[in-house]
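Below are two complexes that have subunit A in common, paired first with subunit B and then with subunit C.
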Partner chain A sequence: MQTVQPRSLPLRLPRVRPGGVLPILAILAVLLVLVGFRQPDFLAPPSLMSFLGRSAPIILLAAGQYFVIVSGEFDLSVGSLVTAQVVVAARLIDSDPARTWPVVLLLLAFGALVGLVNGLVTTRLRVPSFITTLGMFLILVGAVYLWSDGAPKGGLSEEFRRFGRRAFEDVPLLGRVPYALLVLVVLAVGAVLLMRSDFGRTLVAVGDNPRAAELSGVRVWRTRTVAFILSGLAAAVAAILLGGYSGVSFQAGAGLEFGAITAVVLGGVALGGGRGAVVGAMLGALTLELLFALMNFYGVSGALKSTVQGGIILLAVAVSATRSSSR
Partner chain B sequence: MRRSMAALAAVTLLSLAACATDEPAASPSESASAAGSGTGEQSKFFVQADYDAELALLNAAPTGPADKPWEQALNPTMVDTAKFKKNGPYKICFSNAALNNPWRQVGFKTMQAEVEAQKSRIKEFVHVDAEGKDQKQIADINDLLGKGCDALIVSPNTTATLTPAVEAACQAGLPVVVFDRGVNTKCPVTFINPIGGYGFGHVGAEFVSQKMKPGGKVLALRILPGVDVLETRWSAAKVAFDKAKVDVVGVEFTDGDPAKTKKIVDDYIQRYGTIDGVWMDAGAVAVAAVEAFQDAGKPVPPMNGEDQLDFLKIWKDKQLTAIAPTYPTYQWRTPIIAALRILDGQQVSSPWKLPQPTVTQDNLDQYLDASMPPLHYAMCGCTDLPGYPQRWK
Partner chain C sequence: MSALSLLPARRPVPGVFVALTLTLTIGWLVVLLDGGQLFNQSTTVSLLHVAAGLGLVAVGQTLVILGGSLDLSVAYVISLSTLVAAETMNGSDGAILPAIGLVLVVSAGVGLLNGLLVTRFRVNAFIATLGVGLLLKGYLDNGYDGPAGATAPGLVQSLGYQRVGPVPVSFLLLIAVTAAAWFALSRTRFGHHLVAVGGDPEVARLSGVRNDRVLVTAHILCSMCAGLAGIYLASRLGSGAPRVGTEGLYDLESIAAVVIGGTALAGGRGGVIGTVGGVLLLASIDAIFNQLEVDAFFKQVIRGVIIIAAVAVYARRAMRKAA
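Right, the complex of A and B next:
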């Protein structure tokens, strides 16, 4: 994400309009009250910090997914990309700390490359993006299976794992600040600045009306391809954090694409593109994680997660469809 | 246009979500909360007589060479194999359920090394990997019947579904050796496995209930339902927990995946403040469970794992209160040895029960080999085989 520098930073407050962040902030506040009612300990700084650290990967994925969705496309490949990255990292690092940083760079490059391929196939070969990225999903799952004979090999070094597992301990007031949370804050600020730059406005314009954008001189294919690359990079960072958190796993990324897309629509971003804020998408992810935490506190089975996600997607699409027809 | 795109997208997403997640159909924690003890209904795989027999085997003295546990047998009952006698060298075929976890990877390498050690007698070894799919394994076994195999070894993916395929192989006149997971038929010449699931589950559950504080909360972690060795592990643990009146607060399926395991354990720590004991039906994800406690800043409660080296190492480093019942990977040597004996017309034990040692605090050091990779299994019985240790690294 650092590769694209914001060109101008207009100091302008976001307008409150459909696709704004107020609704999601309201839902988040309600959930916080409910959690505080059921499990007051959860709101104590140390456990809240841990929660934010654990939620960092899905929030980053939601930001990555936002770029693609707001430009009018989808990225279904991020979950399998995360899994592939974790498996590749374990095999290449093979518990050798010295290989940590080269592999981290390689993962970022790999994420960007997958995004580039998704973007080019979608925009130049004109394959609809859910077919492109579904294909990429299957390619990655199959490739990882073939490459590893179906079981993870090697191991992640402690150096690699500290991003996802460790924290600055004994911080005044907060108790502990997970590294993952710092990574999240830095990248979230970067994402917000990016959306306020020329590129950000072009991205939304492309999603809103690609033809109009094209006619006014925007290279739509290039803008969308960059969105896919950003999504791939977000998946790479999420993979580094998730692999660090849980170790070598064949399911590190399973289902994350749905989590990210649900978060984005929950955050008020229109499927189909052109409307919504990146902050909304990230808050959507946080809200979703908080909702799952609340379900956990009430002893609701984790198996219901996909049901809840499906319901949210349907509801959000229905709401945005009625809204756009009354526009 | 946009609306129809969004609708199409939603349909795609939902149908994908349905096939990409493999959550268990029934929620184990819900069904568990119905019964007072929290352990729910007893598994339909539970057979009291088998349970009693296995627990008795835990103390049985094995026959056979003491330094080769993979050739030993507990309470052997020999069967005649004269009708399968044949001149070698042989073509031996193996239908494998999967190579999808480190236990199977280590086991299969051990089996390949055993084949290499016997290469004067085996002209060809055919391995077909069913990749964890019942339907593929049924097709694999059918294929192998037409390939001129002298003996067929099967490690079934699931018990009930693979039974007819194994019966068909028996009817084709081949000597069939089943090992690891079982089938519901007596037709194979022999079924090889260690003492089995009841023994494994019982040893872990007894330890956890004795070492934890009375009335404490136990979390039980299972891989997946429907596989006999795993069902019997849980059903024996259930008997032990019910007897000890332990409060089992959750029975969850992990798919044997560390990411999922860590999330589940973390959820339970958050929901209950802490968990006082962890039992698991397979140790591959034991380290993930330990890490969940470490990362939550909680002491690691008494738990069981398995003889995987990453767990033995963290057990020693962090001085855990732990035990490791095993399901030794050395059992992958035995089917090759059995197939050769059958083709020689020698008697073999049926069933062929192998000893199943337990790693305890007292013998931990003996099994902990720091030079081997973290996902290696200590009970591979492979140190005398060709290619040790590189083949397993």
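Right, the complex of A and C next:
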């Protein structure tokens, strides 16, 4: 249908396309304004920086989950992977600072290995990723309890914990910059560059139409497996930051997989793959964290967090679904 | 994809029953060598009790999965249902029927919400039911710290603990629900339509099936099955338990049972008989491990491996058939 384009209007809004980051930026802006009204102190650089540092693990997990989701799969094992990593780190380090770096490397290798297994089982054995990563969830939780006889042992060294809790103090303008925030920025830039590379385009193409990608010479299984490995690595980094920030417990990673999926969906990434930006996913996670902070300021019970999370996820997806179906 | 897949899959996939027989035989031998007895009264009874709870959920889950959907909210519906049942009864036998009725109404309401989100608002089933599950989780976390209410003693005696020989009444309930679901799937228009929608929604729509209505019905039935499981668990526990559904991993285990039972996760192929086989398989593995006094955590590791391996076997077979 040919309609007259409103060319004369000089202030035409940029077109909101599905999968774009504009909606999530708008929501984020609204939340920031609400926070500004209720708790102006929160927007002062030092507390804002701390908030960003605290949110780094879930933002990284959202980025990891994005790679898997945009390629058309799911990773439900990341929460249990984070828990396993934290418990393993505590037991291996056993409060000995000299072991910090070897253990950090080991955690990264462990995360990559879990991702590799998830990826190979999903792509080569053709098990739906839902079942693969759910099985991995059961295996990791069971294994980590088994290995530690039901209670976390050992302890993290101060060296290890600094990634999650320390900051550069007295930075001009910003006040303090948490290490976690620096880690986040570096990895976020890496993720964006990766999505702009050939690999990133291939990844999206695989999620959009695996058959077409296959026919144009892409090794779909290899691309998807790499996505799972990236998700495992993101979980490893998130575990290092989370363990440093909040310490060792069997609950360290509980529910994080659903948090990450919520964030990804909120950021405009289509489940089933092929659409959406990694920046959107990360902004989705930030928005979610900001919303929880806001609820806190308004004195909403923490137990209602999941109700709100559920409400948002439904709203976000329903809105984007009705919009894309009316195209 | 054959266009006329309006007939339900007639092969209820005997694979899972072969696996079940093998598991029970090997398990029996191993337990015997260990100096125990797998098929004594108490083990059999507890095996069937485990199967009854999981089975009720899994039969409902089969319906939505056959239709190409999925329900991740069942665990929270179960927890909610135990509370609704126990708080309504509050220990009085007179309130049993109203309580059961209320549970079914509440769970049907949740199912309706799931179904409408999936069909009208076109929300991906994974996200829709996860979102509804989170809504319920918030309600439960906010309102309950521990057990609440009291199940009527009459219900505890009958549904919770009474048996006919070694077969618990609850398992008979599972058989009845399975039979009803089997009948609905293979002998009614609803069942044929559901399988058609799961097989190829577009073809089903073009052949005059009202996809939305069929899927919403499947979601309602699925939630009501979870409600029944909640009533059963309340009668076992004697009160409402706000976390019983999630701690039992009923969401994930029910999906695993359905898939092990030979129903395709993408929909359109499978049936409830296979699902009951899957449930019995999971329950048998549990019983064998209990007899061998295997560490609970090790049990979970093995369970994860078995679920992945079982599905891999099916996936390979499906690939060979397609080739």
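Brief remarks on what is shown
Everything that follows uses one rule, which is that the second predicted complex is superposed on the first by the 297 of 327 C-alpha atoms of A that agree within 3 Å, B and C clash if a C-alpha of one lies under 4 Å from a C-alpha of the other, contacts with A are read in each partner's own complex, and residues count from 1 in each chain.
By definition in this document, a contact is a pair of C-beta atoms (placed from the backbone, for glycine too) under 8 Å apart; a residue touches a chain by one contact, two chains touch by 3 or more.
Worth saying up front: this structure is predicted, and the values here are computed from it rather than measured.
In the superposition on chain A, A:A180 contacts neither subunit B nor subunit C. By the document's definition of touching, of the two partners only subunit B reaches A:F297; subunit C does not. When the two complexes are overlaid on their common chain A, residue A:L138 makes contact with subunit C while staying clear of subunit B. In the superposition on chain A, A:K153 contacts subunit B only, with no contact to subunit C.
When the two complexes are overlaid on their common chain A, residue A:L60 makes contact with neither subunit B nor subunit C. Contacts of A:V121 after superposition: subunit C is touched, whereas subunit B is not reached. Legend: residue contacts after superposition of the two complexes on their common chain; A:F130 is shown touching both subunit B and subunit C. In the overlay built on the shared chain, the residue A:A252 is in contact with subunit B alone; subunit C does not reach it.
Ranked by how many residues of subunit A each touches, subunit B and subunit C are led by B.
By the touch criterion defined above, A:I240 lies against neither subunit B nor subunit C after alignment on the C-alpha atoms of chain A.
Counting contacts as defined above, subunit A residues 74, 130, 134, 145, 150, 258, 261, 271-272, 301, 303-306, 309-310, 313-314, 317, 321, 325 meet subunit B in one complex and subunit C in the other. Considering their complex, residues 117, 121-124, 126-128, 130-139, 141-142, 249, 252, 255-256, 259, 265, 295-305, 307-308, 311-312, 315-316, 318-319 of subunit C touch subunit A. Listing the residues of subunit A that touch subunit B in their complex gives 39, 41-42, 46-47, 50, 54, 74, 76, 79, 95, 130, 134, 145, 149-155, 165, 242, 245-252, 254-255, 257-258, 261, 270-274, 293, 296-297, 299, 301-306, 309-310, 313-314, 317, 320-321, 324-325. Contact residues of subunit B toward subunit A in the complex are 2-3, 5-7, 9-10, 12-14, 16-18, 20-24, 27-30, 33, 98-102, 104-105, 129, 131-132, 252, 255, 257-260, 262-264, 266-267, 270-271, 273, 287-288, 291, 295-297, 373-375.
Across the interface of their complex, subunit C is touched by residues 74, 121, 125-128, 130-132, 134-139, 141-143, 145-146, 150, 258, 261, 265, 271-272, 301, 303-311, 313-314, 317-318, 321-322, 325 of subunit A.
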